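Mind looking over this structure? Questions follow.
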Amino acid sequence: MKRDMLIYSAILIIALLLYFAVPKPIAFSPTVSYIVIVLIAVALIYIFIRTIQGKYVGRRIVFLFVGIAVVLPFFMTVTQPIRLSPEVKMVYDAIMKLKPGSKVLASFDYDPPSAPELQPMAETFFRLCIERDLKVIIMGLWPQGPQQAEMALRKTMTFPEAASKNYKYGVDYVNLGFQTGNEFVIQRMGSDFKSMFPNDYYGTPYDSLPLVRNVKNFSNIDYSFNLSAGYPGTVEWVQVAVDRYGLQMGTGNTAVQATSMYPYLRAGQLIGLLGGLNGAAEFEKACNKLGKGTKFMVSQSFSHVIVIAFIIIGNAAFFLGEKKKREKE
Amino acid sequence: MQIFGLWVAAFFTLGIISFLYKDNPWYKVCESIFVGISAGYWFVTLFWDNIYSLFYLGVAERGNYSLYVGAVLGLMMLLRLIPQIGWISRWPLAFVVGATAGLYIINYFASNIMVQVENTLTPLFADAFNQPTFSASVYNSIGNIVVAVGTFTGLVYFFFSKEHKGFMGGMAKIGIWTIMITFGASFGYTVMSRMSLLIGRMDFIFGDWLQLIK
Amino acid sequence: MRREIPLIITAVVGIFFVLQYFIPHPPFNQLNGWFSDWFSIIGACAIWLGALNLIRISADKIYRRREDWGYAIIIIISFLLITIIGFWEGNAFRDSGTGFDWLYRFIYTPLSATMFALLAFFVASASYRAFRARNLEATLLLLAAFFVMLGRVPVGDALAGIFHVPESILPSSIATWIMNFINTAGQRAILIGIALGIVSTSLRIILGIERSYLGGE
Amino acid sequence: MIVRFFAGKVSVKIKIAIICLIAQFFLVGIALSQPPTDSVIIDTLRTPPPDVTPVMVKSVVAKDNPNDDGRAVIISWDLSVDDHAGGKVTSYKIYRSEKRGGIFAEIGEAPSGSDQMMDNNVTRDEEYYYKVSAINELKEGGKTIWQVSSESDVVGPAKAVAQWFDTRRLNVFVGMIILCGLIIYYINQAKSGKKLFIRKISGLDAVDEAVGRATEMGKKIFFIPGISDVDNVQTIAGLTILGRVAQLAAEYETWIEVPVSRSLVMVTAKEIVKEAYSKAGRPDAFHEDQVHYLTDDQFGYAAGIDGMFVREKPATVFLLGNFYAESLILSETGNSIGAIQIAGTGQPSQLPFFVAACDYTLIGEELFAASAYLSREPKLLGSLKGQDIGKAIILAAILVGSLLETFNIFQLSKFFRVLE
């Protein structure tokens, strides 16, 4: 207990120091960045040798490496080329094809834990919609979804090119809010939006919102974009809105979910897919609006390399161990 | 309030991360608060969204009296709290299970069987002719064949009423390989997703809170 | 009776939900909407069971002075705190600037997001300790994972670029190929298989053959 | 003089006024010189040039939109002969009235080249009359400069009616009848005593071995039914397996523990385990707290089970049901304590972790087959057989269909089309 308290105080002091005393922002020069990379590599080789000798390093060392691989790249000045994949291009093309004034339905089906992956997509999506003068109808099948949408919009409006468009609530975009009922909500929206959203996020009656007054169901929607982190999400949208009501839909998914979307993508049920942070970065590149997705990709690269390194180390040790065992026998 | 909030959020973020070192009182405090707050969050949200907005306003303002049936079913669910008549709660349960079963039959049949089969049935070489280059045609044709063969053999693997021997066994083998590669791809994407989440948290600590990053 | 009525309810409701897909005529189109409303209301009632259970277990812990009972107090306090604020603030509890919103943004969000982020650490440790190329199947899994992980980040192509790997076999190209073709095939087989399993299980539920959800055999 | 006028010192305003005056005379002249037509000139800022009025559309038909619940009327027409590239039609406007001679209100606009529109703002079984107007207009900078139109005859009455069967979904209906029919047929076959074969599923064969191992080591068995509620089919599949495992455990006199995350699952699991113990002939060996509720929270649940794994070091762990992100935490911890792990789920994204970290994994459909496999109950085996025949039909369709499509003989895929 006493030791815990000591550690806690140490953490507090470090935090205070970092908060008040350290000059900010910190950025490593390229040279320093490369030295850091080399040091990490050397440490990995050391672990490799230890593991081959049969001494597995503890969980905490592995954890530490992951932490380092994620945090240090924030301060590095390293750039990496990003290649555009076809499924991301499809989303971009679909939005670019819409005429100004087209109505886009955006369903936010995620909560804050998945925000790091999906929030950059949401921001880029709003920026693109505003640039193209599209009308956006926001809703959510997850209770926290509409809040995430509000956050993304606030962020979007800080960009001068978006702020200058003077987007008006009710006319250019609305937030219908959240409704419980999962796929049933989608099903009923198929006949009538208003029955599911009698009031919007702010309690305004549906009919007093000029943008949606004449929107009855999916047939009045030109394109739909769904950001999804699980159930209910893209699968339900595809099964109900796309298959039954013929909605045109693109989607942004967490990477975990993205793999299960490929069959739908190939089947043409989905028009475009942004998968995980990588999808977000590519989308930013396609729209030429660099944001957090691109920035985070450096950390992402590093962390993947670390995981791959650990798989290789673990397996190498495993095979050498097997060999030794067989030699003994 | 904003800055105070950032410090509070940082307190909880670091508290949860401290679990990686070991189980400790800080983590336990965070965990307990998490359990209480998350339960309360859903409790309040569902109350206002379903019981107030959907049920109360539905009945009082829109005159939708069918909602009373739902309320009765919901109350039956709560009867579980009284052991003597707790068995009544099986009725709403039966309702929920029946509805999902019916819905699952339709949705999975239409979207997962019909549509997926439809899309497997494509000409294996057709888009070979409208590709810009010869190599693109080969690439797509091979891809189409892989999809058809992979789906076919993968389904053979799931065949239960025949022994996996001989030709059938060979196909099932190819099927399980396809499935394993699929899992590998899934795994890769999952790693990507988890790392992104961690990046998000670290961005909060070093960016939003400590403001060490540009 | 206690057995039969639930089985009848399940069968009737189940058949109805199958039929509504094919019948656009009222009342089928309408009843469907009613059902979904009822569904939401039942869910909102069921959470009372969970919340009461949580309070009961925690209170029990405190009362009996079980190990770590102090934390049970924290659970009850934080539950009551957000609940009281949420009810006090009325229907507009979610608007930005409310106390509920503050709790959501600065306590609930960091806690749940960090919980999820811990998985990043576990996935690395699992990669190191558990993922072994024990047989051909596991090897294929790991190889695919290797290419997808490398191919989905820019550094993969950059590394391959050092060795002048031709474009068609860059990690990103291989990853795209795996995702588009093999993954599609595998996912499709799994999807169709699961769908068949679900259709058959759901049918058994409607027919009353599968009744384990009612407890007992 | 004119030159002097323009070059002179007369104020600019007067110049403009005079020019406008002259221009107006010109325009009036043009307008008057036009032959009279039945065109209606609405909201004109300027008089349109001559000979711009389009020919009206012909054969307007208004009829009920099929396969719906009576919420739309489809209005279709033959294109105006002037509707072609560079032609005299820019759009069509559709008007509706409740009486033939009543007041017509505009209900929508369709771009040129389109020959139908859906009016989905109607009341069921109410009669409506429609007319379509071909429009030619000139717009500059978002403002209409001039607009001319010619109206069609009034058609109707049309009303939106609800149908009793959605014919577009006939293929789904037939497919479902076939599949469900097969399953029911084989269930009946099995009931009447026909022997049905089922292949080896190694994950399920290992159940006995896994329970036996726990007995030998004198350690516990843990059964985790996932984090979904009883309304999820996977949870139900998992719980059915629990019945079998619990019975084995009871016979071997080994302690089985079931921590759950939903109160409804707790109640259900309790009854299942109790039943299993009495089937094994040891009803008194059952303890209420063998099945216990932890928390509804996903990670709270995972953390709780992790603690139990580490402290109690079970010899055998079953993870069968619906799992999400916690699959990794659970299977990695189970692996680290050296337990035999049998896992299964229908969540494709979680299966890789089970495959990598567990000894046996039930992949997707195998989980649903497990109850039949373990119990060998004829009804369940029968449904499995029916499912397999359904699969065989699908396989045949894939094989035959791909070949037919490749050689462009017949498009079998259209029988499977659900997309509208």
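Every chain is named by a letter (A, B, C and D) in the order it is written, and numbering of its residues begins at 1.
Throughout what follows, contacts are C-beta pairs under 8 Å (C-beta built on N, C-alpha and C of every residue); 3 or more make two chains touch, one makes a residue touch a chain.
From a predicted model like this one, the values you see are computed outputs, not experimental measurements.
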Joint neighbours of subunit D and subunit C, given as chain labels: A, B
Centroid-based (C-alpha) most distant chain relative to subunit D: A
Chain closest to the assembly centre - both centres taken as Cα means: B
Dominant chain pairing [most C-beta pairs in contact]: B-C
Mean-CA-position distance for subunit B and subunit A (Å): 15
Whole-Å gap between the CA centroids of subunit A and subunit D: 23
For subunit C, residues contacting two or more additional chains: 18, 21, 29, 35, 37, 39-40, 43-44, 46, 49-50, 54, 91, 94, 104, 108-109, 112-113, 115-117, 119-121, 123, 125, 127, 129, 131-132, 137-138, 141-142, 145-146, 149, 152-153, 179-180, 183-184, 187-188, 190-194, 196, 198-199, 202-203, 205, 213-214
Residues of subunit A touching at least two other chains: 63, 66-67, 70, 113-116, 180, 191, 243, 255-256, 259-260, 263, 266, 268-269, 275-276, 278, 300, 303-304, 307
For subunit B, residues that touch 2 or more chains besides their own: 10, 20, 31, 34-35, 38-39, 45-46, 49-50, 53-54, 80, 93, 96-97, 100-101, 103-106, 109-111, 113, 115-120, 147-148, 151, 155, 158, 179-180, 182-187, 189-192, 195, 197-198, 200-201
Residues of subunit D touching subunit C in the complex: 67-70, 124, 162-166, 169, 172-173, 176, 179-180, 183-184, 187, 230, 233, 236-237, 239-240, 243, 262-264, 267-268, 270-272, 274-275, 279, 293, 295-296, 299, 325, 328-329, 331-332, 335-336, 346, 348, 352-353, 355-357, 363-365, 367-369, 371, 379-380, 383-384, 386-387, 390-391, 394
Residues on subunit B engaged by subunit D in the complex (per definition of touch): 31, 34-35, 38-39, 80, 93, 96-97, 100-101, 104-106, 109-111, 113-115, 117-126, 148, 151-152, 155-156, 158-164, 179-180, 182-184, 186-187, 189-190
Subunit C residues within the subunit B interface of the complex: 2, 5-7, 9-18, 21, 34-35, 37-52, 54, 68, 71-72, 74-83, 86-87, 91, 93-94, 100, 102-121, 123, 127, 136-138, 140-149, 152-153, 168, 175, 177-196, 198-199, 202-203, 205-206, 213-214
Subunit B-facing residues of subunit A, complex: 1, 4, 8, 11, 15, 18-19, 22, 24-27, 60, 63, 66-67, 70-71, 74-75, 113-117, 143, 178-180, 183, 198-199, 238-240, 243, 254-256, 258-260, 263, 266-269, 275-278, 292, 296, 299-300, 303-304, 307
Footprint of subunit C on subunit A - complex, ascending: 56-57, 59, 62-63, 65-67, 70, 80-83, 85-86, 111-116, 144, 147, 150, 180-181, 184-185, 187-188, 191, 195, 202-203, 255, 259-260, 262-263, 266, 275-276, 278, 297, 300-308, 310-311, 313-315, 318-319
